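Next come two complexes built around chain A: one with chain B, the other with chain C.
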Partner chain A sequence: MEIAANITLSALAQQFLVGLSRTTILFIVSSGLSLVLGVLRIPNVAHGSLYMLGAFLCYSISLFFGGGSTGFWMALVLAPLCVALISLAVERGLFCHLYDREHLMLLLFTFSFMLLFKDLVKLVWGSDYRSLSAPEILQGSFSVLGMPFPRYNLFLLVLGPLVALGLWFLTNKTKIGKIARAAAVDREMVAAVGINVSWVFAAVFVIGCFLAGLGGALVAPTQNITQGMDHTLIMETFLIVIIGGLGNIWGALLGALIFGLTDSMGVLIWPQFAIVFPYVAVVIVLMFRPKGLLKATW
Partner chain B sequence: MPSRPMNWKSVVIGLGIVVLLLVAPLFLSRFYIYFLALILVTGLLATSLNIVLGFGGMYQFHHSVFYGVGAYSVALMITKTSLPAFVGFMVAPIVSALLAVVMGLICVRLSKLYFGMLQLSLGSLVWALVFRWYSFTGGDDGIHGIPLPSIISSINTSYYFTLIVTGICLALMYAVTNSPFGRIFQAIRDNPERSESIGVNVKLHQLVGQCIAGFFAGIAGVLFVTVEGSVFPDLMFWTLSLEILIMCLLGGWFTFLGPMLGAAIMVSLRTVVGVYTEYWTMVLAIILMLLIYFLPEGVLGYFLEKIKAHGSGVLREER
Partner chain C sequence: MLEVKDIHTYYGLSHILFGVSLTVSRGEIVCLLGRNGAGKSTIMRSIMGLTPPRQGSVVFSGENITGKKPHHVARLGIGFVPDDRRVFADLTVGENLEISERKGGKLEPWSIERLYDFFPPLRRLDSRKAGLLSGGEQQMLTIARALMTNPEFLLLDEPTEGLAPLIVSMMEDQILALKEAGLTVLLAEQNQRTALRLSDRGYIIDNGVIRFHGSIEELRANEDIRRKYLLV
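And then the complex of A and B:
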């Protein structure tokens, strides 16, 4: 067991960047979950399945357009949109009738969706894993303090803050964002001033699911696309949303940073138990700030 | 009164089920005996969850961690020490109960969703440790071929062992839920603030509830080892926790025997539908959605509501 044997500055820098790119994926997915939890109060366990669906769709759409760079860019745009469409159908068809049920019931209802999506993915794509290569411009790596760092991860690092800014703009500067924030606090009052809350909720749900699909599509070139890739991710995103503060976009960013960095730094400190570190961090945060680090909308 | 014959009927049905379970090994094949034993073990686990979930109103999101810790404790005691296996059987539930107290001490300060999330993260922490600690727990492979004492090593004797232990545990849990403690526990579920104001120590009761539920989940873990002869980290993965939550809901989480029924339905569905199609979870998912849509009280809860039985305390708990 080699503990702390290989910590050098360059390894530290490399792991830091790896952690940051992991953070980007975690942030994109968990900000969507946070939005849905904060505004609609649905603990959507199927969020991870939408992420998985995004990854599989990204693979298939990319093949449909002949693979390569064009295929990938098309897939990156279309796959999250397809996920958003599916979620729109689900929301309008089923969820919108269940908003006043107990949280536990909603949790179980979304869990049944998770089961459904799991088998649908198996039905359509089979049980083999798939892999997708990044477009040529993002292949290869460059060196950071003498250690190689993949170009694709740099792309993720650029995209993450853009998504964060976009979400901030959407929730704070647009009309629908303002209505959604108001509805999160008091939905009866918002309905009373003549706004159709139901459609605002649908829009928020769809945006949240779009982000899950986007996360899945973005992660597709970096890892094997498999069934069950949603299992650990959904738990991680839930914990991220909780430690960040329910419904708070910046909280999701902070939580994702904590999760991604403790994970990647854990690899340096104690590789065998690297997956334990984020959970320790979460427990410590929750012990001192049970309602999350930043202000929750609940 | 209509309640009288119902009471009588449910006693007859209950006795019938017990007799059937007792004579089952005489005419059922090995596979079905294993299947029944699995239902009993899972049912015991779900019932132990329901003590804190249905009777205590605590959102126990990661209950299977106590089940897994019980199973791992007995497996490690048998394979790593020279102590007799039955010592392991005794110690494992206590280990689970201790873990439940430790986790409870950290979690009971919070309530509802926040309680559940902290519990989930602590449980996942335990899972991650077990998953990676190859030299001690066998990591993601788990431990297989655990040598069991010869008296319960055949499928029939292990079935009877499971049946008897499950029966005793159910009786004990029923006694707990109907004891003064159980009544206070239900009062806390219905209104924690009011309970607090009449002088009930809410946190202490919740902690004791955690300890009891963890203990019985540990026993279920021990029984799993006697039935299966192996342990693996999936026993404490969060998906299992959600599955048993669903069993409670499916059977009716405000009834005592509902979780048992839910476990029977889930395990049977998996086995029976699994024979015809590999897409059994899809069938399960659709059934679940329909249930949540139309029967929010659960199957047993629904029928009890329909029949409006009051006499039988076994089947119905007043809300």
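And then the complex of A and C:
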């Protein structure tokens, strides 16, 4: 067994960057999940399906606009918006009547939506996998300490902090963000000062789902777009949200970093068993901080 | 201004209010006296629409508000100060006030600036997280937050509970100042001294039923009633 043999500095750097780009996707998707969980108290199991939907929509919208660079950029903007629109309809049509029910009900409800979206995707796109190429400007790679690093990943690395910054701004600097933080803890008092909490919830739900769609659209050029792509992701994002602290988007960032980096470093250290590293990290975190790393809003 | 007629309110299966009726006229401070668990807070929650009554009606300024959603009730001009304070703990004092701001109302409008003049200790706490304030400071903040919605009518649930004597008398002065400013107040109290000092009229509630109502002079004179329903 060759564990950790000849790990060079450049390989380390390369895997580190790969891990960070994975972190970006994981963060974008799990921050959305965390937002919805924290403010609306809905454990949205269908969040992964929205991610998958985002990826398929990105593919189709890109084709619709003739593929290539234009297609991709249009799709990157429109696919998450479509996902947001669908989630708005679901929220206004159904979830908004259910907020007073117990969590188990909501969980089952989102579960049924996961199944529904799965069939919907199968119906529309069939069971073949799809693939989409990155726009020209992001194709190819450049070298980091002599190792190739895909340009598209660099793009993800730039985007991740931007999304984090946007979320920080939204939750701390805008009125709706402040209201959402108040409603996460005490929705009754938010209503008692004359705020229609229902619309605040709708907005937060839509933003959360938008992030799932954005994650899906962003991941589309990096892997096959398949029926089952939501499965591992939903599991990963729930674990990330749990180790980060329920409802805390900075916790989601921390969790995504842990998950993304242990995953990529694991590949370097023990390739055959790389997949277990993040899960071991989760177990270790939960042993020491059963409620997650940062303060949960629950 | 406010007319509560024969309301029955439940928490799930437990029947709490049994046909409660009361009225409050414009410009009055009316107190609601009663022991622990008598139903004072439940009356306030019923008016606010947080726990809507299953029977009976609540009419405010001529409008039937029974069963209306709390945010509608708030927008019609009723401010709510709950007994357990419930400031938005994760937000700063300033943010607590900012998100509660609502234009309108018939009285002189409140602004954050005017509220800091009204409750001076809050000014230097502007950027402090509300969860870190002392009990008295939180109480000022909950009242200030309710005032930011520019209400004409205030539901004050035990505003002096658990406060140091000095703060209690300061709070009493501020409540009287609010009356001067034109607000109408329904005040729930266990503290008889505060209630008798501030109010024009009073109701005594026990086990979800109104046992007595009258002017504050009558209430002060009628020691039997007070002993019977208020002594623990």
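Keep this in mind: the second predicted complex is superposed on the first by the 296 of 298 C-alpha atoms of A that agree within 3 Å, B and C clash if a C-alpha of one lies under 4 Å from a C-alpha of the other, contacts with A are read in each partner's own complex, and residues count from 1 in each chain.
Quick note on the criterion: contacts are C-beta pairs under 8 Å (C-beta built on N, C-alpha and C of every residue); 3 or more make two chains touch, one makes a residue touch a chain.
Keep in mind the model is a prediction, meaning the values are calculated, not measured.
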Exercise. Which partner does A:A182 contact after superposing on A: first (chain B), second (chain C), both, neither?
Worked result: second
For this session: Answer with first, second, both or neither: which of chain B and chain C does A:V193 touch in the superposed model?
Result: second
For this session: Once the structures are superposed on A, label A:P290 by its partner contacts, choosing first (chain B), second (chain C), both or neither.
Result: first
For this session: Classify the contacts of A:V144 with the two partner chains as first (chain B alone), second (chain C alone), both, or neither.
Result: neither
Exercise. Does chain B (first) or chain C (second) touch A:L170, or do both, or does neither?
Worked result: neither
For this session: Compare chain B and chain C by how many residues of chain A each one touches, and report the one with more.
Result: B
Exercise. Touching A:V45 in the superposition: chain B (first), chain C (second), both, neither?
Worked result: first
Seminar exercise, completed: Listed in rising order, chain A residues that touch chain B in their complex are 43, 45, 94, 97-98, 101, 103-105, 108-109, 111-113, 115-116, 118-120, 122-123, 231, 235, 238-239, 242, 272-273, 275-276, 279-280, 282-283, 286-287, 290-291
For this session: Within their complex, state which residues of chain A touch chain C.
Result: 175, 178-179, 181-182, 184-186, 188-197, 297
Exercise. Considering the complex alone, what residue numbers of chain B touch chain A?
Worked result: 59, 106, 109-110, 112-114, 117-118, 120-122, 124-125, 128-129, 131-134, 237-239, 242, 245-246, 249, 278-279, 281-282, 284-286, 288-289, 292-293, 296
Problem set entry | Touching residues on chain C, where the partner in the complex is chain A | 48, 50, 69-71, 74-75, 80, 82, 86, 88-91, 95-96, 98-100, 102, 145-146, 148-149
